[in-house]
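Consider the two complexes below, in which chain A is the common component and chain B and chain C are the respective partners.
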Partner chain A sequence: MHNILNRANALLAFTLWVMAAVTAACFLSTVFLDYTVPTKLTVKDIKVRTIADYATDEQQADLATLSFNLNVDFTKVFNWNVKQLFVYLVAEYNSDNNAVNQVVLWDRIVERANRVVMDEVNVKPKYYFLDDGSNLLKHQNVTFVIRYNVIPNAGYLRLVQSTDQISVPFPTTYTTSRRS
Partner chain B sequence: MKFLPDIAMFNEIRQMNIRQLFYQCLNFAMVVSSALMIWKGMMVITGSDSPVVVVLSGSMEPAFYRGDLLLLTNDHEDPVRVGDITVFKVEGREIPIVHRVIKVHEKSADNTKILTKGDNNQVDDRGLYAPGQLWLSRSDVVGRTKGLLPYVGMVTIIMNDYPKLKYAVLAFLGLFVLLHKEN
Partner chain C sequence: MDGMIAMLPACLQLSTHIDFQGQKVAERTYQVVLTLAGIVGFFVGFWTQQLSYAIFIVMAAACFTGVIILPPWSFLFRKNEIVWQTPAGEQGSTSTSSTTSAEKDEKKKKETKKTK
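After this line comes the complex of A and B, so read on.
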């Protein structure tokens, strides 16, 4: 009994098996690798304003502006099972309102074909650094760190934190000038 | 099984005795119940009501394309943090959304303000939330993406786009399992 249907079925089943095995091998060969890279991050020109904000309970919130320099080489991270990186800058701090505050200030998608070495100077954040209240003024311990999400062709989606993080004290007076 | 019409398709089953026929039916039930057990087992292990979702939109491109299959977990011990790709449900929307967390304000594990955004979208998700909703809470999040299998979900998308094909495939598979004799 080797009619056309049997043959087609066997061929399809075998193809699927081979593709599943190759995908699994691709995943297993990369899952135990170390994906951490060192970064060089500096944050400067921090200014804090107080603005009206509808998304907080007090309707008033602290807005911080800043700029940063970032130097990082992602060459080591890319292997055959990395489709893209999602790189993001996080500001992390605690406050009277909240035990944990995390705000993403900037992000960038790095694909295989892109330049994977970053040397960014005087970058302004993409997103507002807006607190959930008025806790940024005089804050002594806001931590800035680069993290990235390694997106594979197939397999585990890994979140990696770069090795160094910096902590910067914030200004003690509000800025009233319009310019950042 | 002499009552079945004399068609080539029924040849194998016409040769069976009653015992073999029962065996075929049990075999069919076995396939169905194994699939159900795998699904329910995954729900228990991952803690998520829907441990597997198919990406339907391009809002997370180039990370996820339409038709990619995502594996989710929903561990309540492990708090939601920025960078996590969450799957969340919004009141009044049938289909859950897969987007990345960009802001977390956590008072306690159960009292957390979460804001999300699609990597490929220009603005955050406040426009997608229910009217007047400014933040997600932990209970809106049904899972977090931990694994990715490309293209596998294409089958589901095609089946949903052409419902007739779905019934045709199901009928064909069902008949094949019932009528085909195991050697």
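After this line comes the complex of A and C, so read on.
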């Protein structure tokens, strides 16, 4: 510590140490909080059509189109350790080929604000709901659930499932209309 | 680094040394100030739910401490001047110092022989 460079080095090292400790304390103060929120999700206008899928043996696959409403209040999820949320809608169902199929239909990044309410009406999915066979038709219950990643400022990436999910039966006939 | 500083113009080659007591005070100062800033920053950040406030408080305290401890303030860090011994090789003491250094070499040789 006899010259200025030595003192500056010691000061910088200790400053970074304190900043790391403050960040670790921030993580510890938020790790055991409850991040689940209830969601209001409704799915309607489900149509199933069969399309050519040349990559598979059957050469045909089921494609479903739908529209959904979503209403969630995320305000209580945000604290000083939450940077943003990555929210996505998953359709889960079982089939003869696979025990569990999970298809992500839609996602959205939700950034921090004082009041965060997601109110989506008549939303079309972002991604195709394509089955690897003909298992969507006549399916008794396809479950739709909202999950979200809580992206922190410090800590691990947390995955939360909302407390509500809905199961819908799919149509028993292929739709003939060209409009989805 | 000292070589690079020696290449600077003379007006910039300022001495920044401080005495031992001053070094002890300087180290204690930054430890106390930054730890307090960390604690205060955590509580401010927790109350306002903004991590940026906590980090800014620590950074501001680091700048404030830098102003206090980096320049060699004479009224804080140069109160107990270090008393250096007069260097060997000055006029009048060359003969005695050379013999003493020769005696020291002999002593070192004897010690190494003993250890072997």
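In this text, the second predicted complex is superposed on the first by the 172 of 180 C-alpha atoms of A that agree within 3 Å, B and C clash if a C-alpha of one lies under 4 Å from a C-alpha of the other, contacts with A are read in each partner's own complex, and residues count from 1 in each chain.
Convention: a residue touches a chain if its C-beta (ideal position, glycine included) is under 8 Å from a C-beta of that chain, and two chains touch if they have at least 3 such contacts.
If you're wondering where the values come from, they're calculated on a predicted model, not measured in any experiment.
Colleague: Is the arrangement of chain B and chain C around the shared chain A a clash or a fit after superposition?
Modeller: By the criteria stated at the top, chain C and chain B fit after superposition, with no clash.
Colleague: What is the contact status of A:79 with respect to chain B (first) and chain C (second): first, second, both, or neither?
Modeller: Only chain C; A:79 stays clear of chain B.
Colleague: Who does A:14 touch here: chain B (first), chain C (second), both, or neither?
Modeller: The answer is second: A:14 touches chain C but not chain B.
Colleague: Now for A:4: first (chain B), second (chain C), both, or neither, which partner does it touch?
Modeller: Only chain C is touched by A:4; chain B is not.
Colleague: Pick one for A:113: touches chain B only (first), chain C only (second), both, or neither.
Modeller: neither
Colleague: Quick check on the superposed pair: does A:127 touch chain B, chain C, both, or neither? Answer first, second, both or neither.
Modeller: first
Colleague: Would you check which partner chain A:22 touches, where first means chain B only, second means chain C only, and both and neither mean what they say?
Modeller: second
Colleague: So, does A:153 touch the first partner chain B, the second partner chain C, both, or neither?
Modeller: both
Colleague: Quick one: is A:101 in contact with chain B, with chain C, with both, or with neither? Answer first, second, both or neither.
Modeller: Only chain B is touched by A:101; chain C is not.
Colleague: Would you check which partner chain A:52 touches, where first means chain B only, second means chain C only, and both and neither mean what they say?
Modeller: Neither: A:52 stays clear of chain B and chain C.
Colleague: Rounded to a whole Å, what is the shortest Cα gap between chain B and chain C in the overlaid structures?
Modeller: Least C-alpha distance after superposition: 9 Å.
Colleague: Report, in rising order, the residues of chain A that make contact with chain B in one complex and with chain C in the other.
Modeller: Residues common to the chain A contacts of chain C and of chain B are 23, 153-154, listed in rising order.
Colleague: Could you please specify the touching residues of chain A with respect to chain B in the complex?
Modeller: Counting only chain A, the residues touching chain B are 23, 54-55, 83-84, 86, 88, 90, 97-104, 107, 109, 111, 127, 132, 147, 149, 151-157, 159.
Colleague: Taking the touch rule as given, give the residues of chain C at its contact with chain A in the complex, in rising order.
Modeller: 1, 16-18, 23, 26-27, 30-31, 34-35, 37-38, 41-42, 45-46, 48-51, 54-55, 58-59, 62, 65-66, 69-72
Colleague: Which bits of chain A are touching chain C when the two form their complex?
Modeller: Of all residues in chain A, those touching chain C are 1-5, 7-8, 10-12, 14-15, 18-19, 21-23, 25-26, 29, 79-81, 153-154.
Colleague: Per the contact definition, I'd like the list of chain B residues that touch chain A in the complex.
Modeller: 62-63, 79, 81-85, 100, 102-108, 113, 119, 124, 134-135, 145-150
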